[in-house]
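Structure first, then comments.
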Amino acid sequence: MNCFRLDGLDDATALELLGDMIRIRVFEERCAELYADAKIRGFLHLYIGEEAVAAGVMSALTPDDNVLATYREHGHALLRGVPAESIMAEMFGKATGCSGGRGGSMHLFDAERRFYGGNAIVGGHLPLAVGLALADKMVGRTGVTACFFGEGAMAEGEFHEALNMAALWNLPVLFCCENNRYAMGTSLESSESQVDLAIKAAAYSMPAWAVDGMDPLEVARAARHATGMITAGSGPVFVEFQTYRFRAHSMFDPDLYRSTEEVDQWKQRDPIPALAEWLVEHGRADDIEIAARWEAARSETDRAAAAAEAGPLEPLEGLTDHVTAPARTPDRIGAGR
Amino acid sequence: MTQTIPLNAAGDDTTTIETTYRDAMRTAIRQAMLDDERVFVMGEDVADYGGTYAVTKGLHEEFGRDRVRNTPLSESGFVGAGIGAALGGMRPIVEIMTVNFSLLALDQIVNTAATLRYMSGGQFGVPLVIRMTTGAGRQLAAQHSHSLEAWYAHVPGLRVVAPTTIDDARWMLPTALADPDPVIIFEHNALYAKRGVLDSGRGPVDIERAAIRRAGDDVTLVASAGMVDKAVAASDQLAELGISAEVIDLRSLRPLDASTVQTSVERTHHAVVIDEGWRTAGLSAELSASITERCFWTLDAPVRRVAAAEVPIPYASHLEQHAIPQTDDIVDATTRLLETGR
Amino acid sequence: MNCFRLDGLDDATALELLGDMIRIRVFEERCAELYADAKIRGFLHLYIGEEAVAAGVMSALTPDDNVLATYREHGHALLRGVPAESIMAEMFGKATGCSGGRGGSMHLFDAERRFYGGNAIVGGHLPLAVGLALADKMVGRTGVTACFFGEGAMAEGEFHEALNMAALWNLPVLFCCENNRYAMGTSLESSESQVDLAIKAAAYSMPAWAVDGMDPLEVARAARHATGMITAGSGPVFVEFQTYRFRAHSMFDPDLYRSTEEVDQWKQRDPIPALAEWLVEHGRADDIEIAARWEAARSETDRAAAAAEAGPLEPLEGLTDHVTAPARTPDRIGAGR
Amino acid sequence: MTQTIPLNAAGDDTTTIETTYRDAMRTAIRQAMLDDERVFVMGEDVADYGGTYAVTKGLHEEFGRDRVRNTPLSESGFVGAGIGAALGGMRPIVEIMTVNFSLLALDQIVNTAATLRYMSGGQFGVPLVIRMTTGAGRQLAAQHSHSLEAWYAHVPGLRVVAPTTIDDARWMLPTALADPDPVIIFEHNALYAKRGVLDSGRGPVDIERAAIRRAGDDVTLVASAGMVDKAVAASDQLAELGISAEVIDLRSLRPLDASTVQTSVERTHHAVVIDEGWRTAGLSAELSASITERCFWTLDAPVRRVAAAEVPIPYASHLEQHAIPQTDDIVDATTRLLETGR
């Protein structure tokens, strides 16, 4: 029973959201295979099941906005416009990767697209988001700083410090909580005394509400509403997206802490087949259009994997590059004019 | 799969069993929990998940979730709670998943655990054990690949150990738990899967003395944690080159067993110190300085340091391996050292 | 206009509370003088103006309870029963001090009285309180852990982590927020996006309310109520005590950030003369009884200062004592029986 | 009271003025804020209170509370916000009241500020300046008396400096602000009241080279932060004993200017390294190790370390003074060293 509502969105947007989710799904399923093939190493955290969140939120952002994400960020990078080739190359550890092979899956970066990672210390990037928004506010730039994090991060002190500062200083931050109910193997109930996360966030005096994170249209509407508020000067906004990861936490996770029934139940809410079916049922898209999205995603992923494979490794002499900048800028701040 | 090691009473006839470092560590925890109700385990995902490195796997089924306690992601908070529980009469084993996240708990460790006894004029002790994984080598990139043992070794009031053998994985813990002061246990990620023979009747071992893992005459290689096995491998290669290298496993990083090292260097007249951490103001600096202070007049050449390149650890495997000390680097440094000395 | 209410408390208790406040006041005024005389050094944080809070809360605690406080803790130590002599000797840096001269004003300790400091990292002792309460709960000890901290500490990540754990694990902690409106020179309004602190605490799903911290009877009633709840198994409770410090933050503080009018206004609410007047007016105590309290406090302080002055210094050889325990305990935990 | 130093254009005729370290530092901040709108100050009590050590006193009146921004007590949060603001194009000066509280912000500094450029393959830099007070000596006891410069000096991706003169207090800051990477400035608490002559027309100075504060021939004393003036005082006393001591002020703790030290030691054949931090794995260890590596063959005796006793710093004055290195300790170590060498 898929009851989506367009409610302000149009057919094209809905199809776009579906296509975006498909891009992530296809890309990440390939990542899992490439991990099995030992092409990708280190930690690999898949977003499969949660695609509606990134798709919906990203659709509400403009190129002027800043984006920060966690180590589970392939989807966010992809939808932000970071080329699939450079993401895949990064995971292959190639010099052509979007972080020059130094970052890997957890540390995708793209300055041009204001994509500030790929951050692997849980909660550690929330203060950064506050600082980026502060800089924007101080120089009078418009633009929202969207910061994604898991519900597990809400127990960290950084969450608390960041939300307080953002609200206190009325900064344009969109806090996007991806509540997939588990932090590795720790359930929300065993991590938070208050499991209604919007209540926690509202205690910082900021607008906060929860949204069905398995419904990309709901997510998109909430994100538009939130960015609208922020742009109008509301200060920070917190939205909880209720979602679920279908795969294990990472490729190392034996997934012992939840039942297959629970996982299966959530899989029935998989937004990709559901939205596809609904679009077709209601005559808003046809099978051919949808098949084309899958096809495009597959060929994008194929190209990415091929390019990654072909990409060169950074030479060993490059090891010490980028520890600091090659040369100091010639600025003479505070020297007197 | 998880292996259950039979629990032996110390003092029983020595029985040996083949096992892994991981399972030996689990046995140590399990036995401690059986022995003493005050002992409990606390940390992120120590229960259902089984611990990030599966050390505590299954223990929550045996001991329940109160004594194998999952915490929220609150490193400073749960380390502080561990300190408080120790003050309150318990003997907590706090697991910080990895040293990387311990940066969030450093205030608690340095400003409270390490100072309370002193600041209170000896009234309050903190009998707390903190376990954490350390080291690079798994392509986890800059935020997940620290080797910060040197920072901990810097702090008075702490004891710091790094078991590298199966026996030490099993038998350092009871000694650490019996210590009236905080003990930090560093477990190098590469060691968990290490197989070997456990002397399951051995009983608690000291956590203060270094151990000679390979005897030798020409040069002393001093290493700890993930570097010990590389140093042993290097000594094998050096033997083929006709160089007899003694390998010392520090075991304790604070206090450092400088006298065991000194005795060796006074005989070999040469030392190479090896650390997976960064070079500047790292453990290798301390070793170099203290060896030189004690053995200046008997050294044939300056102590050589083999340490990590001064870079955030990169993801790409070839870069990462290049950044951290390898067996070849140790061999190379040693042969050069001996050339200098001649 | 002093409108106190006995409301469940008796005359003797009210007089006791007055006497307790007087003890702190007299002791600390002497401390200020001794600081000027360079007998006391380092940081010295006076509690003058806030005495009603410690007096009221301490009156509700039993010897089985644990107490943790900040660097502004002379009053708490004194009312907990730590001898004035040993507190003063500590501030003089003498071996006879309650921390052997190693701690000073900010680090008063007393194991026998379950007085766990004297903690000088803002917010740093909140996790300790959680751990002490956890230990009590695990071994089935009854007793409440009372943890005092300033409103400034509520912005620290440790506050957040500690309150969540305490509530999640249903631990017997009484969080006593001494809201004196300033953290050094930073006003509550410039530090917290939500200035109603009970709302912040309630977001962790624990009972939380605010109390007039200038009224020792109100404080005592609130503390009794809270410890009653906790002992009955409520889990942690948060109480905000609204108070004010009459003196500067520390002896180094030029006190530039608030007006003398503001300070004077609060001084009119000084609970010591107010309660004394009220007790006499209502015939619940007489001038002689009250004068005796002042006299007792003065002679206690005199004795303390004299003993501190006479106390020996730790010999220099003692410098390295107590870094670790002199010898390891013979326990053989985990060795097998 | 607060002194206002006239702001001079670099390159103007040199004008000297007598002032304090504190006022020179304030002038540096003020000039930077006048010069560049991107510069702002953020930290606990930097506005109304004037900064714990009165360095930023009055600046909020001139520049407003947005650019002299009081933060909540949230060290990790506001340091992280400073990193974010730097990423966003600003040039923040973040004041952490003292190094003691920086323990709460270490994750942000080590895992983000120091790694972002590397992890992003050079795309993102963090042009952030963090100022903090360091050192003991004021009877503030164990939690408020750390000297953790060694920890910061250990971390690739950071620059670490410690101005000790009035000129450096004034002129290191513009260079630090111009640096595209994070710079940590350690200000020893004992220096703020130091009076001296400022060359107010000098202009920005390098923040990489050590400086010789006293020339000498018999022994090299290497010091930084609060130890430099003690080393200079020691050199005076040593002169009376007929010993000519060269005093090197490191100025930069990362990178260390090993070559300036080497040049000196190659001439004097003797080195004493002095640090207010703890000895084990401290700055003094690094100095000893690197001097020995470079000068082994010219050293007449092993490098001597003078460092803090390995204790949490006690409150009582006589104990505290005994715990941290004093001029007499330096004199003593030096005379003993020269006796050994003979």
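Here the chain labels run A, B, C and D in written order, and each chain numbers its own residues starting at 1.
What we mean here is this: a residue touches a chain if its C-beta (ideal position, glycine included) is under 8 Å from a C-beta of that chain, and two chains touch if they have at least 3 such contacts.
Note that this is a predicted model, so its numbers are computed, not measured.
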C-D or B-C - the one linked by more C-beta pairs in contact: B-C
Chain whose mean Cα position lies farthest from subunit A: C
Cα-centroid distance, subunit A relative to subunit D, in whole angstrom: 40
Between subunit C and subunit D, centroid-to-centroid distance (C-alpha), Å: 36
Distance between the centres, which are taken as Cα means, of subunit D and subunit B, whole angstrom: 32
Set of subunit D residues in contact with two or more other chains: 72, 74, 76-77, 100-101, 104, 107, 111, 118-119, 141-143, 156-157, 310-312, 314
For subunit C, residues contacting two or more additional chains: 99, 101-103, 107, 119, 121, 124, 155-158, 160-161, 164, 168, 190-192, 323
Contact set on subunit D toward subunit A in their complex: 7-10, 12, 28-29, 31-33, 35-36, 38-40, 66-67, 71-72, 74, 76-92, 107-108, 111-112, 116-125, 156-157, 159, 173-174, 177-181, 203-204
Residues on subunit A engaged by subunit D in the complex (per definition of touch): 66, 97-103, 107, 109-111, 116-119, 121, 124-136, 138-139, 157-158, 160-162, 164-165, 168, 321-325, 328-337
Subunit B-touching residues of subunit D, taken from the complex the two chains share: 76, 100-101, 103-104, 106-107, 110-111, 114-115, 118-119, 141-143, 146, 150-151, 153-157, 254, 256, 277-278, 280-286, 288-290, 292-293, 296, 299, 301-303, 305, 310-312, 314
Partner subunit B, residues of subunit A touching it in the complex: 41-43, 90, 93-94, 99, 101-104, 106-107, 119-124, 152-153, 155-157, 183-186, 190-192, 252-254, 256-257, 313-314, 316, 318-320, 323
Subunit C partner contacts - residues on subunit A that touch it in the complex: 155-161, 163-164, 167-168, 190-194, 199-200, 202-206
